[in-house]
Structures are given as structure tokens and as C-alpha cells.
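Dumping the structure here so I can ask a few things about it.
Naming follows writing order (A, B and C), and every chain is counted from residue 1.
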Amino acid sequence: MTVNVDSTVIVQPEYLMETKRIVEAILFAAKQPMTCKQIQQTFPELEQPGLQDVQQAIAAITEDYQSRPIELKQVASGYRFQVRSELSRWVSRLFEEKPPKYSRALLETLAIIAYRQPVTRGDIEDIRGVGVSSSIVQTLLEREWIKVIGHKEVPGKPALLGTTKQFLDYFNITTLNELPTLQRLDLSLDGTPTSAGKE
Amino acid sequence: MENAPEQPPAFAMVNGIPFNQLPEDLYIPPDALEVFLALFEGPLDLLLYLIKRQNLDIVNIPVAEITQQYINYIQLMGLLNIELAAEYLVMAALLAEIKSRMLLPRRPDAEDEEDDPRATLIRRLQEYEGIRNAADEMDQLPRMERELFATEVDISALAIEQILPDIELKELLLAFQDVLKRVDQLSHHQITKEALSVRERMATILAKLEGENSLLFPQLFIRKEGRHGVVVSFLAILELSKERLIDIIQPEPFAQIRVRAASPAQAEAEND
Amino acid sequence: MTVNVDSTVIVQPEYLMETKRIVEAILFAAKQPMTCKQIQQTFPELEQPGLQDVQQAIAAITEDYQSRPIELKQVASGYRFQVRSELSRWVSRLFEEKPPKYSRALLETLAIIAYRQPVTRGDIEDIRGVGVSSSIVQTLLEREWIKVIGHKEVPGKPALLGTTKQFLDYFNITTLNELPTLQRLDLSLDGTPTSAGKE
């Protein structure tokens, strides 16, 4: 604890350690994004702050890091500290492995699941007009970007696929609404083109 | 393009050269063309490409023309031995069907879009185009490991009590029994109290020798254990010697027998 | 750097600020401690700051985090950010998990060491008929149930493993003689529904 050096140093009893300080430590120590609730419950049982206190602490911390090269960011499954994207040019050099590049087939499959969920593999094949390789679905499942969210009540009970919070986290967004708008042309055949529709 | 005006638009640009015909001329390295053609993600993708290349609107596809180009393409793919998914052929058949139906006079009462043979195809093309664009845009989003990096803050300074798994003695024995069951040459009666105490004594003696240059033979016995203890220690020493874990030395006749750990570098004892 | 407090405030040239910002980002993103040299070499070749600049940046960052719940700390292999130890009490609940269960392989390895000591890893592999992963041996060593009690005089000088006093204490016995024997097991398990027992 640093001190306002005005003669009287108030030694804080341990249990009075500021909520904000603890919230910050929890966010830094956690290996995945943390919701307010999760942060609250990390405190020892009898010392848990109110959710509003946690929220306030988060706002204050976000403010504190405004000028630093890292930021406290809200994604789908909570808050996490991350390096600001404008520094990626330097930071990416830390890692010998190039970030994974995903094939068009994988990205299209992922986009269909994201925008049209819940969908079956058959639905994906209908939209893309071509078979879906199981290795693509496997990769997406393993990355935990998609999951089976049910089964369709048709013969064969095919799995219905949807996206996960981890998918949103990975792409740095909080909800599916933040995905790029799906542009769709109208279906009129009378020659009037392109009144763009939104999903 | 500076080609003859009558020529149809190029099928493909390879190294900047427009490519108009099946590869009879040897200008085009077939490999490059193969790569180019293999880029298509399916029949819809190829169709979209053909339409976009001519700046045509999806809703006004000149079916006859596009069908011809499409068929040219899949012939080309076949010629180059690109593995052609069945979907391409299905699409060719569909296009041909639409084309033939477009040639027939329309019934006057069939104003419905439903009856336009192109409707389903157009809807699919539009849907696919939307997804294709969305996939492109999604690929541009900043994402972890590429533009964004998690912070890695060490927690080793924290005193975190790790709860360790518990096991029961019985489990240990059961595990050992399982091992023995798998190994034919070992049988139950070898695991007797006697053998175990020799084994334990072997460990004790090795531990005693650790850090010592050598010990006198009698130092390895504990007098107060009595006859039984002496026998166990002696068996342990013989066993250790047999397994070449210790050296028993007598520098000259009738000199005191000494025992030392077989490993000369005692210091290594801690790192394996 | 903040140290020489002799009234003159030195305005830092901007490129120095930038360096500091990048160094901070690198330290946050790195998965292991970073030396000055490693930090320097993470910069693109034509933009690498001097080692002294890196050093200065580190000093400034250390200063900046003085009042925060994390600190930039120098350890043997370089610098890293770590959560301050005084926050253990609050953060530790993040990492408390249900105790895991030891694997079959670990139990068998421990049993072989207990009943057959002193043994080498090779001996254990011979008896089990499969390889022994070093992480299992490591776990047992860390748990202080086994120790290296010598080295076998054969090529490679493999370590000889035996059980420890802590091992006996854990199972509440005073000597290895008190380990149950198979005969006794057969008796005591008579009628109990375990996988073991009669052939």
C-alpha cells in the first residue's frame, strides 16, 4: 500500500483491504474472464462485497488503466485484462508460433453456426452447397467455439450446433449482436436489387 | 483486356494472363490453375464467382450464359484431375434444368415467383453470399492470439493451499495386486513379511550409506534387534551387493570389511 | 529512474515513452519471465531500444505499479508481473479446487516403489510393462512420499527410489512391515465388492 505521506500513516487492518484492490488482484490472477458474481464469490464468505461494490470497483479499475498498454475489457463470459490491440505488432513477436489461420471452409461453417444457430450439419451443407468435413466441426468443438445444444426431432436426431461464450470471448465481443451485420439481398425477382436486410 | 473483342471474358487470371480456353496452350502452368480452381468452396462459390466477375446482379442471372461457363469450369476441373465433389455435378444438372425451363413459354397465370425456376437458386446464392461476406468480416475482427493477448500475471507469490488427493493404504495394495496379476512370473507368495523387511532394510542401509564415504561392516547392524535383525540386515547387504548397489571392500586380508554405496559420486544422489 | 530527485524534471522524449509502453505490454503478455535482452529482442530489428532504455523502462514501470496489487518483480530468469503475496488470502479461493484423484498409473507406481524398493524407473517399467511418465515420479517426489536413495551402478546411473518417513506417516504406520500383504488382503476383502479379491 502506498501512502499519502502526510505524517499520519494509518495502518489498515488486513480485513479492511480495499475491495477495489482485491478485485484487481482477482482479475489479474484469474486465468479466464470473471463475472461480477464470480469475483464476489472469490472473496472469503463473510467478507463478500455487494455486487454493486464489485461493479464500482471494476469501473474504477477500468479508469485507472485508461492510459496503460493493457485494458480491462468486458467480453461474453466476464471481465479480463488484455493487452491493447494497438500493441499487437510488438507483442505478437513474443510468440514463435504464428497465430492460427483459419480456412474459408472453417470460417464459413462458423459463420453459419453463429448467424443461423441452432443448425444441424445438414443445414450447414445446404447453405454452403457442399459437404462439411467432420474435421472442421471437430476443430470448432475442440476450440470450444461451438457446442451441441440439442438434437433435432427428425429421423437420425441430428445434433443442433450453436456458439459458446468462449467463441465470443475469443473474438472480443459480449453478445452475438456485436458480430458484423449479416447483409442479405432481398428476394424480389423483379429486378430491384439490394435493399439490404439485417439479421 | 486487349484480347479480341469477341472473346468471352477470361475464365481465370493466372499470373496476370487472362485464361479463356481449356488448357491446350501451354502458357499456363497447370499447377497454378489447379490451385486457382481448388480455391472454390463449392458450386455456389463458383457460381457466385462467375456472376460477380461480370458484375451481374444475382437476381438477373443470365442462366444460359452462366450455365455454359459453369460447365466449362467443371470440365476444366475434371481435366486437371481436381477432385470434383458430386455437388458440382448436381449444380450443373440444376442449371441445365433451369435453362431448359426458361426456354419454355411461361403460363400466363404463373406470375408467382414460386414458379420462376431461378427463385430457389437465387435464394441460395443470396444466402450463401451473405454468409461468405460475414465469414470474411469475422476473419477481420480483432481476436485473441492475433491482435489481442491475455495478460499473464504470475501467482507463485501467493500462498495457495493445494488440496492434494488422498489415497488409502488398501488402494495401494490393490494397485500392487493388479500389477502382479498382470505379471505372470510374479506370484503372491513372494510378497511375504520376510521379503518386505529385507527390502526395507536395503533401503535403510542405502540411506545410511548416502553421504558417507564408506561404513564399517558392523555399523550396518543394530545390536539390539537381536538375531532376527542381524539376519535381515545380512540378507539385505547380500541382496544389495547382488544388485550391485553397494560395494563390499576388504583392502587387505583380515582388514575390516567396509561397505560403500556403489555410486561414486554421492553428490548426484539428489538429482536423477 | 524516478530516483535522482534534484529538482530538475527531465521531460522524457516521446520515443522513450513509447518504449516503456511496449516493454510493459511485452511483460504482461509474456508467459515466462523476460530478461532485458529478451525484451529488447522482441522489438522489430530496426526499432530495438538500447538495453539501458529497457532497464529504464522497467524501473519506471516498477515505480508505476508500486501502489497496485500486482508488482513487477525480478526473479532468477528475468522480470515478470506477479500478484502481491499479501493478497493471497483473497485470491487463493480462485485456485481451490476439488482434490483431484490420482491415476491408476500413479498408484501402481507408488505401490511398486513401496513393496519393491529400492527400484529404478526402469525396474518399475519392467514390472508394470509400460513406461512410467516422469510427471508421476515428479508428483510422488513433490508429495515427499518417495525420494532418491541412491544410484544404481549401471550405465546411466539411474536413481534408486524408495519411500520416505512422510510416506509412513501419511499412512499412519511406523515401518514398511506394516504395509498390508496380499494374503491379508485376500482375507480382509472376502465378500467386499471390490475389483480385487479372488481369481
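The working rule: a contact is a pair of C-beta atoms (placed from the backbone, for glycine too) under 8 Å apart; a residue touches a chain by one contact, two chains touch by 3 or more.
Quantities reported herein were computed from a predicted structural model and do not represent experimental measurements.
When the mean CA coordinate of each chain is compared with the mean CA coordinate of the whole protein, which chain is closest?
The most central chain here turns out to be B.
Go ahead and name the chain pair joined by the largest number of contacting C-beta pairs.
B-C
With chain centres defined as mean CA positions, report which chain is farthest from subunit C.
A
How many angstrom lie between the CA centroids of subunit A and subunit B, rounded to a whole number?
24
Find the geometric centre of each of subunit A and subunit C from their Cα atoms only, then give the gap between the two centres in Å, rounded to an integer.
29
Note the residues in subunit A that touch 2 or more other chains, in rising order.
Answer for subunit A, listing residues that touch two or more other chains: 28-29, 70, 81, 83, 91.
Could you check subunit B for residues that touch two or more other chains and list them?
Within subunit B, the residues that touch at least two other chains are 149-151, 153, 155, 158.
In the complex formed with subunit B, which residues of subunit C make contact?
28-31, 70, 73, 80-85, 87-88, 91-92, 95-102, 104, 107-108, 110-112, 114-118, 127-129, 143, 148-154, 157-160, 162-163, 171, 173, 175-177, 179-183, 185, 194-196, 199
Okay, in this complex, where on subunit A does subunit C touch?
For this pair, the touching residues of subunit A are 1-2, 14, 17, 21-22, 24-26, 28-30, 41-44, 68-70, 81, 83-84, 87, 89-91, 93-94.
Can you check the complex and tell me which residues of subunit B touch subunit A?
41-45, 57-60, 85, 87, 91, 113, 116, 118-119, 122-124, 126-139, 141-151, 153, 155, 158
Which of the residues in subunit B end up touching subunit C in this complex?
149-167, 169-183, 186, 188, 191-193, 196-197, 199-200, 202-203, 206-207, 209-210, 243-245, 261-263, 265, 268-272
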